[in-house]
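Same chain, two partners: subunit A is paired with subunit B first, then with subunit C.
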Partner chain A sequence: MLNNKRNALLFILSFLALAFPMVGTALDRTDISGLASEHVMERLKAIDKIALVGDSDALRLLKELQNSELLVTDTGQIVLENDDWDVIDAITLEMLDPQPDTYNTVIVNNRMRSQLESAVGVLQLLSDDREIRLTSAKSLRDNLSPLLLTFLNKALAQESDEEIRRILQESQSIILLDSPDEQERIDAVNYLTSSSERRVRELLVAKLEKNESGEFEEVSAEVRVAIEFAVTAIDRKLTFIDYFGRLFSGLSLGSILLLAAMGLAITYGLLGVINLAHGEMLMIGAYATYVTQQLFVNYLPSYFDLYVLAAIPMAFLSSAIIGVVLERTVIRWLYGRPLETLLATWGISLFLIQLVRQIFGAQNVEVSNPTWLSGGVEVWNIVMPLNRIAIIVFAALVLIGIWLLISQTRLGLFIRSVTQNRSMAACVGVNTAKVDMLAFGLGSGIAGLAGVALSQIGNVGPDLGQAYIIDSFMVVVLGGVGQLAGTVYAALGLGVFSKFIEPGVGAVLTKIIILVFIIAVIQKRPQGLFALKGRSVEG
Partner chain B sequence: MQYQPNIEPLFSKLGWLGLITFAVLTLIVVPWMYLFIPDGGAFHISSYTVTLIGKIMCYCIVAVAMNLIWGYAGILSLGQGLFFALGGYSFGMYLMRQIGQDGQYQSDLPDFMVFLDWKEYPLHWLGTDSFLWAIMLVVLVPGVLAFIFGYFAFRSRIKGVYFSIITQALTYAFMLLFFRNETGFGGNNGFTDFKRILGYSLTDPTMRAALFGLSAFFLLLVLVLSRVLIKSKFGRILTAIRDSESRLMFCGYDPIRFKLFIWTLSAIICGIAGALYVPQVGIINPSEMSPANSIEIAVWVAVGGRGTILGPVIGAAAVNGAKSFFTQAFPEYWLFFLGLLFILVTLCLPFGIVGLFSKLKNKFKKIES
Partner chain C sequence: MNRKQFIKTVIGATLGISSAFAMTAQAEETIKVGILHSLSGTMAISETALKNTALMTIEEINANGGLLGKQLEPVVVDPASNWPLFAEKARQLITQDEVDVVFGCWTSVSRKSVLPVFEELNNLLFYPVQYEGEELSQNVFYTGAAPNQQAIPAVEYLMSEEGGGAKRWYLLGTDYVYPRTTNKILRAFLISKGVEESDIEEVYTPFGHSDYQTIVADIKKFSAGGKTAVVSTINGDSNVPFYKELGNAGLKATDVPVVAFSVGEEELRGIDTKPLLGHLAAWNYFMSVKGKQNRSFTKMYKAWAKKNGVPNLDTVVTNDPMEATYVGIKMWAQAVEQAGTTDVDAVRDAMGGQTFKAPSGFTLTMDATNHHLHKPVMIGEILPNGQFQVVWSTKTPIRAQPWSPFITGNESKQGL
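Up next is the complex of A and B:
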């Protein structure tokens, strides 16, 4: 849509460029007199004339026109009202003497409005505000035309900001690729060598192709050599950026898997039971985040941005408490019967899903990002969303916390001892039942934390946990149990691995390849990559 | 000394009586009541009931297969739903071909292929217009997949919950695969709108009765077969694997072969059940492969009683009967019920309904003596 508008503008601009070779002189009264005309075409032409002048006065005028502030007197003079309701000239801003009796607003119809929008967009390259200039430069980059060269030169001459200069210079070089002067073309290509845009690469490659009459698009062999060099350089950069992007999304997926699988690894390592309701602990954590958000909306709206921080302990506690209750009422009666535990926990998961449906409804609930987690950081043309970065950091923090808990505290010591040899631990006086309960609560609590993370990047619904449960099991199976390191390597490894092969083969095949890969790994290492060594391994 | 085969009869007198009664009922009485008593007659059975019972009998076959592997060999497979669906899809391909040009687009190709703008059948549909090849596919596809997967899994001694989780992942991966349109199995919608088998219309009451009778026949066959297996030396080895695999290995047995055989057999039985199920229900889609379905199969067996001959049949019939009732009467409470069933059966009834009965019987005997 915008494209069309701008093309229309450029079309008209091109006419004017022919009619008025003197582009870029200061505004004068004849330029704007067309605005007073009764004919729309005349008014449209006037807008183009103003746009072609292209200085800050022109921008101001167009904006005033956009806001319907421009007035026209009976004599056809274009005027404004100042703050004291005095009528002033629109260009010189001098008070009119005598003040006119009657005047009307310059009529702006829809067609003019879209024309104005485009014109203002181009002229904003000359704005004083850096952000506005940046946006304008970026949108210009996508709609280049040789006619803009004069504008670009003018804008470049007064631009001091590095980033905007780079964008403008790139645009300028792209236009100069078609320049009749060979040296100018070579300079342009040389400048574009530093680009890292796929679009620029396509443009350059097109120059190397032959047209219908069998000649190269680019006639000069010297320029072609420069172009070839530039394309290789850009390719190298593009590959690097591509891999960087995959690495980032892989790390992001990996840290989500890590958060989801850490609790599972602890409970599986300790109790030997697979908790199929683990996914629902994620879901409960996400709903706890939702409830916290609603509480903040209703009672502490001014601190809304902090709700995520408050949700962290909330989610941990709610999942942990439910976990402890489940351990006491169901799971501990099934110790030593892992297959039955599998079924019973599946039953629990069905029950919890239906319970949440009854309470919150079957639809997804909306959990919004606080402002400090919205948006992203742009590095090498890749936008890294802040919420994903936050999850990577969060996963690292949780990991450090769990590691400290396991390796430094008394509870951690007990958990390790019971994991390694339950009966021996019981013999030396460890209350294994209590350790089981606390460890199960801890595992569920970590799942709750994962729920907070998930609520920030995706939908929160009753089925949330189901999507992650199988993947997190894969992590545990691959990494082996009893050591955090195994879970960490497996989660990050799987995350990065799947994101690296996904662009080539698609998401479904990726899942199947990973499954085959895991089965292959298990052929060599049946207890996972990082199994505990020792006598306790075979139960 | 040579192992002396068990000289107990295959079934007790009561057992034979039950089997024969069931055979008479399902092979003669029900089809007769359905076909020959006119609509509105006091003993008429509606098409709906015949289809429902036929469907449940297919589930019973799956449950018997699950019992073979879980109840006797102690391997909890969460992939039986996958084999069931694969059998269904294999036969479904034949059914799709039988539609001929009666589809919406009047094309030789199934509607979904026309919709995807495909010009000819993909390679894996080769020969599916032959009934015999379709029947072979029903056996081969689940069988070969189970054999290959089982070979690698058992060889690396994956067992217990690991095996369950890996089979669940396999099922999940296949479900995702079948959801894709490119796989050539109709994507989301799967196969439906079947018209006929071997040229005979599927909606014809005789055809329904035939499919019903066939399901009943296979159920009986599978029951007898599993009884024969369990009573044999082979069956003893299976239970030994369940109870102490390492000890069996120390006695010089190689459990991999036995596990692989029973696992492949179980998969094939599931595939046949799927092939019987699809023409009766009239649809097969990837949601049949969802991991939840496979776990539900396990709960049928658990409810009925693992490691008993009748348990899985009773369990499958009871749970599915309850499901039909609940999803009509209180749809929102079905999941609560199912969830509680999972928990209560595993907690309070480790040997299921059959176990409960034998417990009660023992108590009565004690009181009497």
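Up next is the complex of A and C:
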């Protein structure tokens, strides 16, 4: 975290430049000529030189460099393109005459990008815009140097925003850990006790270690006691945050499993059809999302961010229609013959995969997250991605929707009656064939909805469904065939369970443990964890 | 028409058609070339483009007058990402279709599966993909990279001052032979460079893993202990959820750079690359390489894709294994011209020392002793448009070391 050598020169001088902003000399061409070099270290030096100047022109150049807008001609002159595609000098902004034929982008690699971030951070920490100050404070925290102390003090004195103050104070305390004054060190440690950053903890722990000559890094015993107390406090918080993180990822995984399995809970659970093409219904939903996205790109580019919402009915309808067609043409002839259904739906699944491969190609297609689903919310240093939060909410909404449909509507009543006693339902006048068709279409449509969700977190390719078919069956079988509540418990339970054991045993072993666990449960309770009881359960 | 008559007609027609075929075959003799890439199943995503490249290259050779005055005839089979089927299809190509050479395979397990067939029937396989090494066969020419032509230079770059000076290493891979062997080599290499065992973390995920939340959280935790780099040998489809999670969790390349050995232009087509700015890949060729050879190669492929109606053709890209396929076929053609025959032993002898000016802009040489190409190493950073910007490259091609010096037991094989 502390990087003394790397940025020392940059920080001293940029601080001076900031303290006396009017005195800084203007940029000239020799300052930036290093950017044309093919050596990264030369280009880094040029960034330092620009930052040293520290005026508004320098800031502009650094930002242009960050955005890869700076170009270099064959003669090594640094230039820009203006809005009319004319080449202009990067400093004077004057049009080049004659215009050069060829030029390349100034190459910026990761190392330069982080140098740029901290340089821009220093130059903007006193900006008027809160957001800019916040980003600057964060980028400084990642590249601290003791030479920044005076500068941080100055920024702190001016800063009124709580969040930024906290970051700056934390940075200040980290620097003060190396202060020669014992009291200052103790104050710094005491401040850091409230931190919940793992990096701060590592830094404190390092102070408790002995160096080569056998002395503690931190000489004062009193400070060491304070550090030990701080480390315990931070550890306590970190453990809590860790469990919170696991719970969130477990819920997220669970909600995805739930979405994938809910459709199957209807087709397999209620109708008793072993539908191996269920995964392909997910895949079709995801491709429907892709097609909707492309339509928005081509016809409604200004409403692009809303394409996901439009994709929800699209995906539901396309999967549901294909489901109904399947039911009418193949599956209805096979009711009550599980083995034949299994083979037929497996064939259909292969057929659908290859069909999609022929139409859309074998490669994955790109479904991008709309801006309101990109990034995440940070809570206690855990970033909860917005797309995952949205999927949890979406799964809950779909679940409520299905529950209302099954328990409150006439169709739901028919589905329940056919499930419980087909012949009796037929006797009292329920059109069982139509109910079968609609129920199968409903299950497929829900799978299509799951496809929309899956397109936001992973691949959209012909094989998408294959990855989820086993998991879906696992959830439905574990939860107990024939009822929705069991599916919900099983999906969330499996999600949270696997996320709690994964950090300890690794992803490969987790998968194995889950499978063994399910086998054990099925041995003990062949009807699943939450089996229906009573007369309605037929052989 | 009664049944007897019908059967007669059918048999007659079949005989007529097949004899007509036999006549055309005799009329113009061709050289048969096998193409063994999965066009269905999980690997279709990567291998379809290689089949396309092979067909394009064969068309190019035919358009320039063919080989030894004969036209090349591609025989395409689909082993469907099914490893035992690879061996079956290879045998079929060699014994029934009587091809003179086969271009194909992607995964190491498929190569291992066909290897005994090629050795038994003495035919040639050109293998175009980067792999873990630890193999040499008289019947295989390797046109992809060995570990010292990809993995080790990439790690050295990340260690260097200009690459960010990484101190801790998170080796992340899919659980199978290529990642395990590569990570074994890398671990030994890192330790030889003075990296502590506690600063190396090795993590594997099952095939098709799609939930990277725990792993990304773990990477964040691990990186608190010092400048960390992630070396990813995640295969195929799992890359998309991994990168999406990385982007959404706010882990930027300036904090923790990820260098991948199986992610190229083709794999990035399915991802929104804006959050991935600056993550790296190490290859021997990038589509963004400047130069005449590459310009004509990418132009030729785009034209071919358009002519043949490849899906999503406005976004087709070229990548490293495609370049390796192209180089392999062209070198084989040169060797056949030089040998004056397609006889396997004569062509094998002629292959050694064959040179070719590749799309990467370098002149590549086929090593006579170890059957691997001398290749340049390039490191590219991902740009928002899904292309790579080359940030580092070797000045000259490097000789392959199929038997890594970092694996014990290989000491006697260093000469190869």
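Keep this in mind: the second predicted complex is superposed on the first by the 418 of 539 C-alpha atoms of A that agree within 3 Å, B and C clash if a C-alpha of one lies under 4 Å from a C-alpha of the other, contacts with A are read in each partner's own complex, and residues count from 1 in each chain.
As a convention for this text, a residue touches a chain if its C-beta (ideal position, glycine included) is under 8 Å from a C-beta of that chain, and two chains touch if they have at least 3 such contacts.
These numbers come from a predicted model, not from an experiment.
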(request) Look at A:Met474 in the shared chain and tell me whether it touches subunit B only, subunit C only, both, or neither; answer first, second, both or neither. (result) first
(request) Could you look at A:Gly245 and tell me whether it touches subunit B, subunit C, both or neither (first, second, both, neither)? (result) second
(request) Report the partner of subunit A that touches more of its residues: subunit B or subunit C. (result) C
(message) One more residue to check, A:Gln354. First (subunit B), second (subunit C), both or neither?
(response) both
(request) May I ask you to decide whether A:Lys511 touches subunit B, subunit C, both, or neither, giving the answer as first, second, both or neither? (result) both
(message) Touch test for A:Gln293: subunit B only (first), subunit C only (second), both, or neither?
(response) neither
(request) Considering only the touch criterion stated at the top, classify A:Ala344 as touching first (subunit B), second (subunit C), both, or neither. (result) first
(request) Applying the touch criterion given at the start, work out whether A:Ser374 contacts subunit B, subunit C, both or neither, answering first, second, both or neither. (result) second
(message) Using the superposition on chain A as set up above, list the residues of subunit A that contact both subunit B and subunit C.
(response) 353-354, 357, 507-508, 511
(message) List the residues on subunit B that touch subunit A in their complex, please.
(response) 70, 74, 76, 149, 152-153, 155-158, 160-162, 164-166, 168-170, 172-173, 176-177, 179-180, 246, 291, 295, 298-299, 302, 332-333, 335-336, 338-343, 345-347, 350
(message) With touch defined as at the start, can you tell me which subunit C residues reach subunit A in the complex?
(response) 39-42, 44-45, 48-49, 161-165, 175, 203-206, 208-211, 213-215, 217-218, 220-221, 224-226, 237, 240-241, 244-245, 247-250, 253-255, 257, 266, 269-272, 275, 278, 280, 310-312, 381, 383, 389, 391-392
(request) Spell out the residues on subunit A that touch subunit B in their complex, using ranges where they run on. (result) 272-274, 276, 330, 333-334, 337-344, 346-355, 357-358, 470, 473-474, 477, 507-508, 511-512, 515, 518-519, 522-524, 526, 538
(message) Which residues of subunit A touch subunit C once you look at their complex with the stated criterion?
(response) 39-41, 44, 68, 105, 107, 109-111, 113-114, 117, 142, 197-199, 201-202, 245-246, 249, 252-253, 256, 353-354, 357, 359-366, 368-369, 374-376, 378, 382-383, 385-388, 457-463, 466-467, 499, 502-503, 506-508, 511
